[in-house]
């Protein structure tokens, strides 16, 4: 253990993902201490504070941002508050970890990034999958040249169970809520930017979603600037569990990442060979990656290095998602002007 | 063994695939006898005939078609001769097995199908992959409802080594030569027709192919009439061997088909876990399916049943391939008017 | 979270496994609080106490046992102290979790079990593998009758790297140090006791081990009372990582448990298909099981249920190990008189 | 194809395995021609002859052996006739391929081997598994040093369905009928001879087998002369299909050979992940190896090379099987005096 004092960190938002980060910061991230909690629901803030032995709990995020003892904040509030909180936290000189999406339109994101630049603080976006051991290994092998020049990429993300219609109405659409992780993965693994995108989709799971002009199933094709042809397929409902796979095919080979199962048993009987379904959902599958991303955030502060997921990495997938929506609506490929 | 006399069958074309069918007809298909061989190269025809103990060899296909002792012919000649040979064989009352593609344009194919209908003979197209035990099993599970309503389909076909530029110039383009099998697979597994298609591609393996206006790598997205969203990816060069996979995702589950390896060894050492590459190419991977499709052809004659791959099944993928090419050139989705 | 007060637990021994349990008790086991630490090395005791915010640290285990606020102790000291500590802890009315082996000879173990019985406290032995999700699943499937009547069992345990000669001299021999886990697994999965045992072995890794009369590689065959024929193979050196597998074959099927890998990547290239080695060693492979066994211990105290690994479960594998040694030395099968 | 005349070969015995070899010799082995068939059942001999276009069929094996046009014979008659037929065939100057076991006692085998030596003909024993692509690959990797010095070997052979009691009574016992293949595999993969053997077993599948003094389930432990510790497990009944696996663990790694499945489908649903059972039995699993061993036999004649499975390779497993039986009966390890 380092002799250095731990980085005191404040948490904004105590929903599901906020509580997850709270536990990591309180007990498992080296060099960090969860020191303050804010939530518009004061009871929720106090609950989390009590559970992790934190003295400061508030329903006024500004109070938390003004606490001079805090070096950094972790933003887990609703998506529409992200850019505002980033801007204000930066103005108070706090380093910022912000959950995805960084924002929902280009202008407010640019403003937030300006504030971060001006303040000279660090900003890391919560694209946790980059820290998943398997995706990180795939990236490592690609960068090391093991598959040569990438040519084709296939990304699959399917959720185990569709959310409520209520959630669908407010989440910003499948591309900004779900596919955004896959857009990030495409950039992460190809090391390139999207040039052109084409999206098709349908309301195959929940017909009512179609009446909202939304889709619950989609296939996206992207041409990357370096020539890679990439596809993403998404579904809001996969009965066999969370399905998170990637495959990158290149001139010298291919790397694939598969799912994990809760156990490794194999059962053979008269009907066939049977094994466990993939892990249920993101809390199980990405457990390690959530811890690793937070450790990386704390480490980049302590060692004064650039964060591994930058503000630009936060912006790009939002723009891709907006283009995907345009393609879906206009039924034609859309060029990105990055 | 049946007491019935074997079906006497004539072979047109003794290239690689023609010789394969010859061996099966001569030694391994029950109820069939290879009885005559024709090839524009007389030496080649005689060679094959001698090897399989066949008395009749000619360089004039008309002579073979006029042999009244033959009940059926197997057409393995060059693609541009297929519709003509089908039409003439039908006119002579022969049942016809024809290699893919059935033809290269709609008009000549329609003429050939008319001739077949008029003559009341059977016509089976060589989409052998339908007879591969794994793809057939996938279809069986889908038809049995094991995955519920199909929603997303992914098809991968990658060849181990790019052909010569000469071949590329004459083969009719990637969509009619290679992807045509995948178009057939999409119809076979989804049980539906293509409604709209979008194709992107590049000359990532052999730049010279690009100068011919051709691609060696492509990704195709199709919306099927029953709502399934399907993607196909193709590459002319896969260093780890022939890659032939399919995945169909539905409301109640998913079925996948993977590659086979020449052996089942697993070697673990200090560097990792190592197994064999997939089988090298189509002759290895589809060995069983070539035998099974020919047995099915002979059986449908003897039992007077409709062939499992019809003339319509031959036509549809050609039209899809032509639409794919149009999409690639015009850079937009193309609707099929079936 | 329960409203009940957490169970206050004292730790005896702060070696590698002691520190692991300390972290779990301090941060991750529900309903428990690490409240005191003892180690003959006072600095080590203080270190662990400081790291986990524990006020009480001592080099006198008796002081810890006399602390009336403690409801239970976790014994992680050297094997030769286990039975003494169990006896004294029981006499002080503490529930006891004790690392394996419970002891090194039958007499002292019987005395400790008597003390436990007399005091009416709970005793759980640290056969953590029973709590591994995969082995637990195998047991669940067997008990549910999925493989019918078990007939053949195969257990493989191989360590990644041989320990020092010094360790080998003091660890009590391979059967009591390493195979003991496999003896427990055989009982756990077969639900039966060993009737006869036959052991062969050699010093194939480290010749010097042979000069000590010890072996580093062994194969053990056991006939269980219910007719199951079981084999165990062990090696002190597996270059591809920790190898922990089990297979139980029965009248209606078979269940197997395999290794886990640090990630799920698959890399295909010109040489073959490559994946990650199994996890390095027990701290990685059994991470979850160590937490689960401690949670189960705390739960059985709070809910007043019998521990899932009893004192008898601690004794039996020691007796099997002693018989295995006898078989190895006398080169003949040895009958157990349980 | 070679210009050389094909080797004319006579078949002795037209049971299941005899008909398999007949088809290979008639249609698929290069450089060979099936030229005569003998069986004590004349109808059976004529049947096979007719099916494969062979003119000579007899119920008198001596007539076949006297045919001067035959260069070699393939012996597929009942086990108790093997050594006699080998001896007489050799005396007539025929090369001999003989199914396993070469014989049932040491004396008659030695006599047959003497006759072969005296006549200078080639003798190959039907240990077909050596020609299975996966086992051959395992051997290749071991010989190439990929796993270093072998230390532990595990062999599993389990039949899908128990034979009739009648068969059990006459087959010579499990060790000479079934385990004999595994004894050969142990020698093949370890490159060493058995030094000591210990066998346990039970009548767990068919109690009546026990009353015959036989077992249907067994576990055999062998110490090889080079220090390898090997185990074999056998069962006459495996509900999930034919189970044929091997694993060789060494100082630098491990090689495993697994089963094959009829297809490669994977089906995921709400209950788990499901794949096909292993291939049903030896005709499916070892199809390729039967063809390869016969090709190797013909090639070794034509190229005048020693056969890949020698007379000594035929003798050794018989002696091991006799020792295994002795161990089972006397309940103690038995030393082999090779």
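As written, the chain order gives the labels A, B, C and D, with residue 1 at the start of each chain.
To be clear about the criterion, contacts are C-beta pairs under 8 Å (C-beta built on N, C-alpha and C of every residue); 3 or more make two chains touch, one makes a residue touch a chain.
Remember, it's a predicted structure, so these values are computed and weren't measured experimentally.
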Common touching chains of chain C and chain B: A, D
Far-end chain from chain A, centres as C-alpha averages: D
Chain centre separation (chain A, chain B; CA means) in Å: 43
Separation of chain B from chain D, taking each centre as the mean of its C-alpha atoms, in whole Å: 39
Between chain D and chain A, distance of the C-alpha-averaged centres to the nearest whole Å: 58
Multi-partner residues of chain C (each touching 2 or more other chains): 239-240, 252-254, 268-270, 276
In the complex, chain C residues that touch chain D: 148-149, 151-152, 154, 156, 158, 196, 198, 200-202, 204-205, 217-219, 221, 223, 227, 229-231, 233, 235, 237-240, 243, 249, 251-254, 331-333
Footprint of chain B on chain C - complex, ascending: 239-240, 261, 268-278
Footprint of chain C on chain A - complex, ascending: 1, 27-28, 51, 133-134, 136-138, 141, 146-147, 252-260, 262-270, 276
